[in-house]
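What follows is one structure encoded as structure tokens, with my remarks underneath.
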Amino acid sequence: MAITGVGITTPNVAPADPAQTATRRRHGLHRLLVNGKVTSGLVMLGVLTLIAVFGQALAPFDPSKRSSDILQSPSLKHWFGTTHIGQDIFSQVLVGTRSVMFVGFTAGLVATIIGVVIGVTSGYLSGSAAEGLSAISNVFIVIPALPLIIIITNVVPNSGDWTIALVIGFTSWAWGARLLRAQTLSLRRRDFVEAARATGESTWRIIGFEILPNLTAIIASSFIGTVMFAVATEIALAFVGISGISEWNWGEILFWAQGQQALPQGAWWWFVPVGLCIALLGTALSLVNFGIDEFVNPRLRASGQSTVKASDGSRVRMKVGFTPVLADPSRSKEIGI
Amino acid sequence: MTVTTEVVLAAEGLTKHFPVRKRGRELLSRTNHVVHAVDDVDLVLRRGWVTALVGESGSGKSTVARLLAQLYPRTSGDIRLHGESAAVSTARGGRRFREYSRKVQMIFQDPFASLNPVHTVRYHLTRALRIHGRAGKGKQELHSALAELLGRVQLTPAESYLDKYPHELSGGQRQRVAIARALAADPEALLADEPVSMLDVSIRLGVLNLLRNLKERLNLAILYITHDIASARYFADDTLVMYAGRMVEGGDSETVTQHPAHPYTRLLVDSAPDPDRITGSAQGLVQEEGVGEPPSLITPPDGCRFHPRCPFVMDKCRTALPPRFDVGDTETHWAACWLFEEAKA
Amino acid sequence: MSYFLRRLAFYVFTAWAALTINFFIPRLIPGDPVSALVNGMRGQIDPAQIQSLTVLFGLDKKQSMWEQYTSYLAQLARGDLGISFGNFPLPVSEVLTQALPWTLLLIGVTTVLSFLLGTLLGVFAGWWRGSWIDGLLPATTFLSSIPYFWLGLIAVALFTGVGSFLPASGGYEPGLVPGWSGEFIDSALRHSLLPAATIIVASVGGWLLAMRNMMVTVTAEDYITVAHAKGLSERRVMMNYAARNALLPSVSGFGMALGLVVGGTFLVEYVFSYPGIGLQMLDAIAKHDYPLIQGIFLVVTLAVLAANFLADLAYMALDPRTRKEG
Amino acid sequence: MKTDPVLEIKGLSVDYGLGNQAVRAVRDVSLTLNRGEVLGLAGESGSGKSTLAYGLTRLLPPPGVVSAGKVIYYPPGGEPVDVLSLTPAGLREFRWAETSIVFQGAMNSLNPVYKVSTQLIDVLEAHQPGMSRQARTARARELLKMVGISEDRLDAYPHQLSGGMRQRVMIGMALALEPKIVIMDEPTTALDVVMQRQILRQLVDLRKRFDFSVLFITHDLSLLVEFSDRIAIMYGGRIVEQAPASVLYRDSLHPYSDGLLHSFPALRGPRRDLVGIPGSPPDLRSMPSGCSFHPRCPKAFDPCSVDVPVLGTPADLQGPARKVACWLHPIRNSAD
């Protein structure tokens, strides 16, 4: 039936598409890093980490050392001003970074490890043990965290950074556990897990090599969430004077500022730089988390250009329900992809 | 079609009831509700032979495959490998299960879901080879084993597929990788759960032909599960029909599809699209039998499970469960329907 | 129905867990501050109160743990939480009755307001992606990264002081007698404005972001496209189809987030010296007033549970899938 | 053959994304839907068939944009309307009253938090504001009855209905305003064959009563051959063949149509040889040059990899109803 009647007339054919180069597929870590939010968040975190490590060395003064420069506003000598007994606030901020970062990341690590163990086990296994673990995490979510932490910190002797980090870590794993459990439950029913079982993989290998790698994004995001919570909690504890006064941290600067009535005296520099540092750290962590959210849920990704020129010349926002009709329907010009 | 080969895998009285979560007032009552997903299923898979299992979604056909793969624990019944009971007591892990999985492998419906998105083709196949001790010694042997596997499913050259992630492959290529993974164990029986239903129409045939080719070359026993009765006719030697958790009809594929005996099979065959019935606008569609939907499997109807929809329903159908009756047209053709009671006598 | 019963069972379990944690914590306190106090106060403290402290802190070493536990529960059932050391000789329950209404009103009202405001803004931000309201996100993210109390301090510095309409601290004008007088209510409202604004500004961003992301996710669902295809008005598609569905996870998240929110608001009370539970708690900690700390923890936990329960009821009213099968 | 058009698509192109990131999913498609006919649109995933349907109704979510073309609707006895140049208000009025859509996922096309009745009624509220409350409820009841669902289901929530029932509700809803065009995007793909047959039967019946045109989109060619009057086959964003159903089935011209027809086994009649199509469907981001089917085509020859064949009536065949885009069948010069 194939009638080959070549060469009658060549109709008005559109020019042929040029051969396409294979599109580079981006995936995994690389795609996460090209996300601007993640990169800028990580850069900010990197700077703060450097300060945490080298803060002691960089600090121009001993943060606890008194001087005659009492309650001075920011100057070239004291970038963030001084306290009521002449301590250099800039040095305090630099030195205090370490404790904040240490507690934040240690607590985050502890909570994430507990969360992963409890969440993934209760998600993958079934039966009453799993139900019990899930009930316990729900209890820990509902119980008000800060009062509980305050009480425990108050009861435990020697509340140094390690203690605080551990207390926060041991009380704030439940959110992560809950998220991971939900995700594990849905992964467990996925065919690739069944397929791994059918192939003959052992249970621990399925959990470790089939399920866990698929949870990376959620683990990272729950880790960052816990770090945010731990930082806020540590600063709050220091601010109300519950944790020990052995090491400098940002909350402690605020504690002294509050105790010495800094704001009523107009000593804004005692509060504002520290507050901005806290906000900076929080924003950096949030940015990374936004990036991870967008990585996990592609619908959240911004679609680049959000407005187009419509056929009537006006600019139209791209939105669900009303597909824009492009202005220039030049049909001869095929869009080069 | 009287050549019968050796039985590789047999199921006897296979039954699976899933517990239902109690709700509300039931918490106080003693009755335990279950979903009767699969009830009393007998089937055999023969060497070099394709057996099709046809049914609607929810009829329990996928559960049968998972029971045969021993991914689910059975409620009752037995699974025999070469005549010996091969039932593993718990569905989880264990050396006995691994031994069983060396002989019986499964292919899943959705190749987009059955490969782990974070692992490469190489990882999937290497694991399958390692588990079953067929990875050989050293890199060289492993590589040739991988290349041979991919060659079997016509993915050549192997180098251009080994380091790809699943999302870099098309649907058909993924399903071939999944088949290669199943073959890595060098199994005797292959359970294919709707292996082509998620693939594009134009490439389905390629995968089915590959399976048929493998069956002939490797002398595999294949269970082909499908909702498309026409493809059962094309691809399978025997066809079994399942409705609401029970087998209702069986026999050689040509007879079952061309001369369906059970009223449900007839409904299924009549409902299938038929391009030869060209009518312009589907006038041939006007007929009013078999309306309604499949029953709840929590409280399945007494007697024959098809009786509420059956146009030929008799009093007996409502109370008594029909056993298998010979239909009489071919040796192997049977139907679980009271209409064929006399034919047996 | 089954959803409701499951939730109810969970609350009972959580309440029990909180009671039990509360039982064990004082038993971990090193030393014996309680008996020291009891000894010091002998003569002024009545025997019933000594008895209740004994039960609360497990001072009666002759009793087994189980006996201590049962008498502890029995005592709680009577509403007896011991006496407050810091407010001697007031019973803890009385201190709580005075402080609780302030907290419930301030935190309850502002949290609900902040949730409603954030959710509404989130609906708009998610619906008109890339619009100015969506552009608020970086600002709100920054604001929610700042601790509540720091924002409160700045608010005090900026908006209070001599001649300002807004007072810097307290719950009402000193000298006024709490009651239903117009003058008192006016004063109480004025005192609550700044702390309330602080809580709202600090927490609205979180709700906004959550709702915005849910809106974006829901907008891609088929039923939204169907609603557009049906030619419904934009407002109807946005509110009745998109927002109505996006709200569900937000509401269930609301209950769970309360446990976190409460902590932050306590510090706001501290900064504003607002006479609520949070201030009492920090005060009690400074004074090592263990019975009061315990009582507060218990009451706060139960209050959060109750709020969770209300959120659950709201969820059930909003999502027909949780109701009984038809 | 009726030739009274109700909808004319002219040179429609639809892209995903803008500028140099744009991926063209529908390429210069022209298609006419006649009054009262069932036009089947078949193709594999990625062929652009759904994109075409959503593009012409402007329901394609971002980043989809209509980059060229016209969609003309001919109301009975009225002036033709270009759907693509309607204002949002005009488009809203046009939707559902003139064209309604039945979506693929019956599971997700109903709002889970509202009763069936509410969702039937809000269409009436939006388009016929003058209607009384009782009249609306009565109409909703009538619509359910029309698709064979008992009235007491009016107060049911979507999750209380089976998949088949939900799809019936959607069909009833699609007919609420008695539109002239109903677009069906794989309406029965998620259903079992028995249910599929029941619903199609009902649809045939309803079409006789209300005389609307159907654009029926599916990947199941065997279903289309039986069910539709005319069939258009899409590949790589273009229509490659268009013919009356019976003609296409008996004698397809395009090798792709031919391959599709030989890809599904027949249930009845003699066993026939199945050929299938080698290779896989093209990636929209890197389309082959020339005819996008040429890498898979068993009959490809010189021009196929270079020039794109244009859809038109082939010179070597009679009959105005057939069109094909294949270098094996060069089109008649006067075709357009």
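A, B, C and D label the chains in the order they appear, each numbered from 1.
Please note the rule applied: a residue touches a chain if its C-beta (ideal position, glycine included) is under 8 Å from a C-beta of that chain, and two chains touch if they have at least 3 such contacts.
Owing to the predicted nature of the structure, the values given are computational and were not obtained by experimental measurement.
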### Task
Select the chain at the greatest separation from chain B, using centres from the mean of Cα atoms.
C
### Message
Based on mean C-alpha positions, which chain is nearest the centroid of every protein C-alpha shown?
### Response
A
### Message
I'd like to verify one number: the distance from the centre of chain B to the centre of chain D, where each centre is the average of its C-alpha atoms, in whole angstrom.
### Response
33
### Message
Can you compute the centre-to-centre distance for chain A and chain C, using the mean CA position of each chain? Integer Å is fine.
### Response
25
### Summary
chain A to chain B, mean C-alpha position gap in Å, rounds to 45
### Query
Multi-chain contacts in chain D: which residues touch at least two other chains?
54, 59, 61, 88, 91
## Note on the structure
Multi-chain contacts in chain B, i.e. residues touching at least two other chains, fall at none
### Summary
The positions of chain C in contact with two or more other chains are 219-220, 225, 228, 234, 325
#### Entry: Contacting residues of chain A [partner chain D, same complex]
1-14, 16-23, 303-305, 308, 311-312, 318-326, 329-331, 334-337
### Message
So in the complex, the part of chain D that touches chain A is made up of which residues?
### Response
11, 13, 15, 17-24, 28, 54-55, 58-69, 84-85, 88, 91, 251, 253, 283, 285-290, 299, 301, 303, 306-310, 312, 315-316, 327-331, 333, 335
### Partner chain B, residues of chain A touching it in the complex
25, 27, 190-192, 194-203, 209-210, 213-214
### Task
Note which residues of chain D are touching chain B in the complex, please.
38, 44-45, 162, 164, 192-198, 200-201, 204-205, 207, 219-223, 225-229, 245-246, 249, 259-261, 263-269, 271, 274-281, 296
#### Entry: Residues on chain D engaged by chain C in the complex (per definition of touch)
54, 57, 59, 61, 88, 91-97, 100-101, 103, 105, 108-115, 122-123, 126-127, 156-157, 159-160, 170, 173
